[in-house]
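Structures for review follow.
You will see subunit A twice below: alongside subunit B first, and alongside subunit C after that.
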Partner chain A sequence: MIEIIQTGPFNTVQDLGRPGFRNIGVTTSGAMDPLALKIGNSLLGNESGAAALEIQTYPFKLRFSKATAFAVTGADCGASIGGRTIQPCCALSVEAGQVLELGQPRVGTRAYICITGGIDVAPVMGSRSTSLRGAFGGREGRHLMTGDTLQLGEVSNPLNLPAAGLSVVDPTYALAEVYPAPQDGVLLVRAIPAGEHALFGADAERFWSQTWKISTQSDRTGYRLMGDPIKPTTPVEMRSHGVVSGVVQVPPSGEPIIQMADANTAGGYPKIAGVIEADLWRLGQARIGSRLRFVRVTHAQAAEVEKAVTGFVEDVRLTSRMVCGALQAMS
Partner chain B sequence: MSKPDFSDPAIVERLTAALEAAGVDGIEITRPDQSLLIRLSGSANAAVRQLLARRTDAEGVLVVVKAPMAGVFWPTDLSRTSGPATSAASDMIGLLQVGPILLPVAAGPSQRLRRHLVETGTVVGFGDPIAEVEPEA
Partner chain C sequence: MSASAAKIAAPVESLVLDRNGARVSPIGSRAFLLEATGAFDLASQRRIWALSRAVELWSETLEIVPGMTNLLIVLKQTAEDPEALASRLLEAWEQAESIDLTGRRIEIAVTYGGDHATDLAALCDRSGLSDREVVRIHYEGTYRVFALGSAPGFGYLHGLDPRIYMPRKTVPSLNMARGCVTIGGMQTGVAVLTGPNGWNSIGFAELQMFDPMSSMPAVMAPGDTVRFVPASIEL
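Moving on to the complex of A and B:
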């Protein structure tokens, strides 16, 4: 069990979400940085989609009520255990009573606290993710509050972690070949032209060429961007249709909205592009006020990035268990 | 019989010659006041010696930290370039990279790093010396 000692608003239990119910208006939810969630879980020997705590407001503090192991992935927020700084993205064993503390992030925005066995809240429609808008899932459908206690799940074959822990190479470094570095601080976000791209005529090119800023009207539902407005060549009125996370809509104001993890299930704005799934985690770690540019790619290129990322996560899972096994055999 | 002084170059030289003659790759001698490690990595023409002799002095005993498993040695987490974020726990002397995994290597209780014995990016094997540590002041 863990106990929340200090938390801000909007920190929730998340896993990889509940796909398959958008037709009845249920948003998918799930971690804004699913890669961090998968890496943390894989490092610990959990199922890659085990539920974790998504922290996006700081400082945050929790106490472990029993001996277990944990990893803080995603944003580097100078985590410490018992007042001792720990390596970023490091799986460590803890004793009952120890306190984990997260400060303001130095890199990224959202940290994931993964714990051996995962957070054991009741699944709703196949997922433990909190749907804040629907007020269900996670911890009573709400964000975490000071004093909350959460149960942990069981794992059949836990890792025997070394005393100094086990960390992961920064995925941005390990996957540098498939993730282009930001240019002058501008995050490059890859996307595929969507259904109404052609309606924007010459403005469509400005969508790709200009630098957009993430506005303060951004949250888990969507990111509103700021920049030179883009407009369809003739006004369009569309019937509402299904949308998914990653869809980039252009409302009448001309400033795009990127649908994120708590994406609306339907919308009527024209869609100019769709951010590739493998790049959504980078948006999940982008700060409000930071800048981005869309880079046009093909479906095949998107699939290649996806393959590399899947391979990395699998490599983490296998190597973590192999290293722990080897150390145990040699001790 | 008096104890040999393992910091004496003549003794190290004699031991090295004996190892070479016997075709032995190396030797490690440890006693409370001194320890000595000689490793020979031969080429066709000449043997290369790596000598580490340590002695008890007023500040205490130097201890060699060995690689707990094979991996690529990193003094810090080189994959993260965010300045303070790379700072590790104070007693960490480096990391061994195995694929995507980094295994932190600690100096040990109340010990601190004196110097690294391998270059960044070196592939080390199980038991290879990677750093010297000394008691914290």
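Moving on to the complex of A and C:
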């Protein structure tokens, strides 16, 4: 069991989401940085989609009421355990009663606290993710509050972690070949033109060429971008259709919205582009007020990135198992 | 933009395929939208329902989301050959026969007008009809649930009289109440969540549309027939 000692608003239980119910209007939810969630779980020997805590407001503190192991992935927020600073992306054993503390992130925005066995809240419609808008899933459909206690899943055969912990290189570096570094602090987000791209005429080029700023009206539902407005050459009243996270819609104001994990499942605004799946986690770590530019890519390029990311997670899983297995054999 | 960037861009643009009454376009790397480009009617929707059944069986399908005379297919992973997939979708559309979903009959009691009908006056201005006429046209209609989406259990209803079509708002209402009876373009429906909403409210209905703990979480299903019954009219 763990006990939340201190938390800001909007911290929730998340897993990889609730696919399969968009056709009844249920958003997938799930971690805004699914890669961080998978890495944390893989390090611990959990299933890659085990539920974790998604922390996006700080400081955050929890107490472990039994001995277990955990990893903090995603944003680097100078985490400490029992007052001792720990490395980012590091799986560590803890004793009962120890306190984990997360401060303001130095890099990124969302941290994931993965724990052996995963957070064991009751699954709703196949997922433990919190749907804040729908008020179900996770901890009673709401964000975490001070004093909350959460059960952990049972594991029959936990990994035997090294005493010093087991770290993985931050994916930003490990996957540097497939993730271009920001240019002058501008995040490059890869996207594919969507159905109404041509409708924007000359403005479509300005969509790709300009630098957009993530506005304060941005959260798990979507990011509103600020910049030089783009408009379709003729207004359209679309028939409502299903959408996925990453879709970039352009409302009449001309400033695009990127739908994120808690997005509506359907929409009717003209869509100019769709962010590729493998780049969504980088958006999930982008700060309000930071700048981004869209880079046009093909499906083939998207598939390449996806393969590299899948390979990396698999590598973490296998290496972790191997190292811990060897340690077990030696002891 | 460099020449190489232009080369990359060219095949991407051609991914929007338009033929035989349907159009396919991508949303990101894993989703494709097929839109029936013909009439906004039940016949088109019945073919969409048939297409949904076919595409649902494809091995690469993660989710299908039928919309208003359109279908979104979400794949398990990035499409390696998007052109082939788009063509296959169009072929499936060409072969899709019509099916009819015989749903339930649902009656929804509505308070027309009153505090929640924030956009009734604007609708009167646009249509040139009196508030009484707008309301009467709305409750005299018989609607079919074409699709569910947007928010949990929200049913998109087809069958709105063109005289009371009303475009979505340029600036959405920030906090429209759950239960508002709304018009969005040529569609109507009942808001299921309180929050931002770009549709136009003309009344209010007290109705629980969704229960996540139920084995059938959504009250409405595609194919259901819906009638609005005026519980009271406050004009």
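Operating definition for what follows: the second predicted complex is superposed on the first by the 328 of 331 C-alpha atoms of A that agree within 3 Å, B and C clash if a C-alpha of one lies under 4 Å from a C-alpha of the other, contacts with A are read in each partner's own complex, and residues count from 1 in each chain.
Just so we're on the same page, contacts are C-beta pairs under 8 Å (C-beta built on N, C-alpha and C of every residue); 3 or more make two chains touch, one makes a residue touch a chain.
This structure is a prediction, so every number in the text was calculated from the model and none was measured.
Of the two partner chains, neither subunit B nor subunit C is touched by A:Gly17. Of the two partner chains placed by superposition, only subunit B is touched by A:Leu327; subunit C is not. With both structures placed on the common chain, the touch criterion links A:Thr319 to subunit B but leaves subunit C unconnected.
By the touch criterion defined above, A:Pro270 lies against neither subunit B nor subunit C after alignment on the C-alpha atoms of chain A.
Put simply, more of the residues of subunit A are touched by C, taking subunit B and subunit C as the two choices. In the superposed pair of complexes, A:Gly227 makes contact with neither subunit B nor subunit C.
In the superposed pair of complexes, A:Gly118 makes contact with neither subunit B nor subunit C. In the overlay built on the shared chain, the residue A:Gly45 is in contact with neither subunit B nor subunit C. Contact residues of subunit C toward subunit A in the complex are 1, 5, 8-9, 11-13, 15-16, 23, 25-31, 33, 35, 40, 62-72, 74, 77-82, 147-154, 156, 167-168, 170-171, 184-187, 192-193, 195, 210, 212-213, 217-218.
Of all residues in subunit A, only 19-26, 124-125, 131, 133-134, 136-137, 191-195, 197-198, 208-209, 237-244, 246-247, 252-253, 264-268, 271, 274-278, 296-303, 306 touch subunit C in the complex they form.
Residues of subunit B that touch subunit A in their complex: 68-69, 77-80, 82-85, 87-90, 92, 95, 97-106, 126. The residues of subunit A lying in touch with subunit B in their complex are 43, 76, 78, 84-88, 90, 106-107, 162-170, 172-174, 312, 315-316, 319-320, 322-323, 326-327, 330.
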